[in-house]
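Take a look at the structure set out below.
We just call them A, B, C and D in the order they show up, numbering each chain from 1.
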Amino acid sequence: MRFDLTSPGAASPPAPPWATSRWFNLPAGHDSLALDELRGRVIVLHTFQMLCPGCVFHGLPQAQRIAQAFAGEDDVAVIGLHTVFEHHAAMTPVSLEAFLYEHRIRFPVGVDAASEAGTARDPLPQTMRRYALQGTPSLVLIDRAGRLRRTGFGAEEDLGVGAAIATLLAEPKDR
Amino acid sequence: MRFDLTSPGAASPPAPPWATSRWFNLPAGHDSLALDELRGRVIVLHTFQMLCPGCVFHGLPQAQRIAQAFAGEDDVAVIGLHTVFEHHAAMTPVSLEAFLYEHRIRFPVGVDAASEAGTARDPLPQTMRRYALQGTPSLVLIDRAGRLRRTGFGAEEDLGVGAAIATLLAEPKDR
Amino acid sequence: MRFDLTSPGAASPPAPPWATSRWFNLPAGHDSLALDELRGRVIVLHTFQMLCPGCVFHGLPQAQRIAQAFAGEDDVAVIGLHTVFEHHAAMTPVSLEAFLYEHRIRFPVGVDAASEAGTARDPLPQTMRRYALQGTPSLVLIDRAGRLRRTGFGAEEDLGVGAAIATLLAEPKDR
Amino acid sequence: MRFDLTSPGAASPPAPPWATSRWFNLPAGHDSLALDELRGRVIVLHTFQMLCPGCVFHGLPQAQRIAQAFAGEDDVAVIGLHTVFEHHAAMTPVSLEAFLYEHRIRFPVGVDAASEAGTARDPLPQTMRRYALQGTPSLVLIDRAGRLRRTGFGAEEDLGVGAAIATLLAEPKDR
C-alpha cells in the first residue's frame, strides 16, 4: 500500500499496549497515557534514546516538526518513547528530564519499562521488544482503530512521513 | 480545510489552462502537455525562475524530492513551469535547457508564455497572471477533478506539502 | 588584532591552569593533562555541556572538524572540557562517557572540577570561573607561550576560527 | 607545506595574468582589474560557472563567506572569474549579470576570455587554460608576491581555506 503503510485489514495487527515506568510532559490531569486512551486518533510514536546521535540529529527534530505541522489536528497524537537498550546507567530519567527541557521537547514522552528479567539479562525494554523495533530512532504509525500500520527505522524523509500520516487521517473513523 | 487545502466544493474553482511556448522533458510522443490531459491525477505544479535563489535553494530541490517520494504513484504528476517575470533576456529557453540539464531536473517543464502585450508592457507571463501567483517559487496543487486546491508562495515545509498531496490522493476519483 | 585575537603582548594574560576531576580519551601513558604539558603548541579548548543543544548541534561538530582539519599539525592540540553549570545530576561522568562514545568524540576531554563550595552554593565549575566563560559552548584559543588569546561564546564561523588558529600557528615558537 | 599551500620558494611559480573580456562589480574608477594591481595583497580567486550546481550550492556561498570573514582585511582581495567551458550560449554576460544581482554577489567578477581559436574548436577560456584548472568551482590562492600557492577543485572545507588564507596573510610583505 501507499507510503509504506500496511493495508487496514487483517495484515495490520492491533498495536501492542505500551509498558512504561514514567512519563514526562503529560497533559494536565494525567499521570500516565495508555494506547487505548488515544483510540480514534492517528498516533505517531517516536522511539528514541537521548544519547543516540541519529535520534538527536534526525529523529527528534523530525518528531518536533511533525508535532508542529499537525498541531491543528486534534486527530493526531505525537508521543515519544525512551527505549533505552544500551548505556542504561547513562540515560536515567534524571538525565532524560534535563534533556527534554534543554531540547524543548514538549510532546508526551514515556520511559519504556525495563525488562522484567533485568537489563543485565535482557537489555531491551518491554515495549521495544513487543513492537520488535530494530533500534533507535524508530517511527511507528498507529491508525484510528489501534492497528499498527507502519514501523520505520532510521532517518526517514519528511514528505513520505507527512503523506503517510495524512493517509491515515483520511481514513474513516469507524473503519 | 486541512493542510491549507481549500474544500473540494464550490470554493475551489477549476484551475485555469496553462499557456506555454515550449516544453522540456516531455514523455515520449508528446510535444506539449495540457492540464486537461492530466485529469484524474493529482497535479503538483511548481513554478520557478532559474535565476531566483529561493527557487534554486528551496523550491526546485523540494520539487525533485516530491517527484522522488511520489514516484510510485501514477496518480501524481509533478510539473514545472518557468514563469519569468524579470530579467527576461537573462532567462531564455537556451539558458533554461542547460540549467535543467545541469541541475538534473527530469520532470516535464513548460515555459510560461510571455504576455501578448509584450514583456516590456506587461512583464508577467500569461499563466502566472491567470493563477494570480505572487512570485517564485510557488507551489500549486490541483485535484483529480482539475480544481485549484492550494497555492503557496515561498519556502514550504515538506511535512505539510506531503500531507496535502496525500490528502488529495485519498479523495475519490469521481468526486 | 586579526580574527578576534588579542595581541601577543601584555594584553594577553597567561591562560589559567585547568582544574579537572577526570579525563577521557587521554593519550597512552597519561592519567591527566595539564596546560603546562602543552606549552609550545597552539591549544584549542572547547568547553561544552553534553545536554546543551548549541554544543551538540554546533560546538562539538566544529571541534571535531577542527581536530580533523588540523590532524596533520603536531603543533595544534584540541582539548574538550565538560563545564557543567546546570542540571548537575543529569550530566555525570557516567553519562558523559556514553555520550563521547556515541558521538565519536576522540580528542581528550576533561571534566571541569566542581566548585569547592559545592555546586548547590556555586553551580559554576572551577575552570569555567577562572576563564570567566559566559556559557556553553565556548571556544578558547591559547598560544604557544600559554597566553589566552581569544574566548568566543556561542556559534562561530569556521572560516574565522580556522584563520585564528593558523595565525597563532604562524607565530614564532619562542615569541 | 601546511594547508595544501606550496612553499613560497621556487616551487611556486608566478600566477599567470588573467585574460578577461568584461568585469562586474568593479570598484569605482576601474574598468578592469589586473593581477598586477593587487600585488602586495593575498588574492582569493574563485572560478565558477553560473549553471554549475557545485558552484551555486558550495563554491559561491563559500566565496561570499570568505569575502565577509575577511572584510576587515585590506590585505585580502576576493575575486570571481566566470570560466565558461560548456553551454556557452546559455551563460552569456547578460545572464551572468542577472545571476550576480539575484545571488547578491558583490565582489568583483571577471569574465574569462574565450579561446582565440573560438569556443567551437577550444571550449576552454584562456585564463582557465593558463591556470590548468580541472573544472568548476576552483579556488586559487595567490600570495602577496603574486605567486600561485594553492589550487583546489570542488568543495573545500571552510576551516582549511580560512587557515590557508591566514597563513598567507601572516607571511611578510616583502618576502
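What we mean here is this: a contact is a pair of C-beta atoms (placed from the backbone, for glycine too) under 8 Å apart; a residue touches a chain by one contact, two chains touch by 3 or more.
What you see is a predicted model, and the numbers here were worked out from it, not measured in a lab.
Distance from the subunit B centre to the subunit D centre is 37 Å, each centre being the mean of its Cα atoms. The centroid of the Cα atoms in subunit A and the matching centroid in subunit D are 51 Å apart.
Residue positions of subunit C touching 2 or more other chains: none. Under the stated contact rule, the graph of chain-to-chain touches is a ring, a single cycle where every chain has exactly two partners. Counting only pairs that meet the touch rule, the chains in contact are A-B, A-C, B-D, C-D.
The touching residues of subunit D, when paired with subunit B in their complex, are 51-53, 56-57, 87, 89-91, 94-95, 97-99, 101-103. Listed in rising order, the residues of subunit C touching subunit D in the complex are 2-3, 65-66, 69-70, 72-73, 157-167, 169-171.
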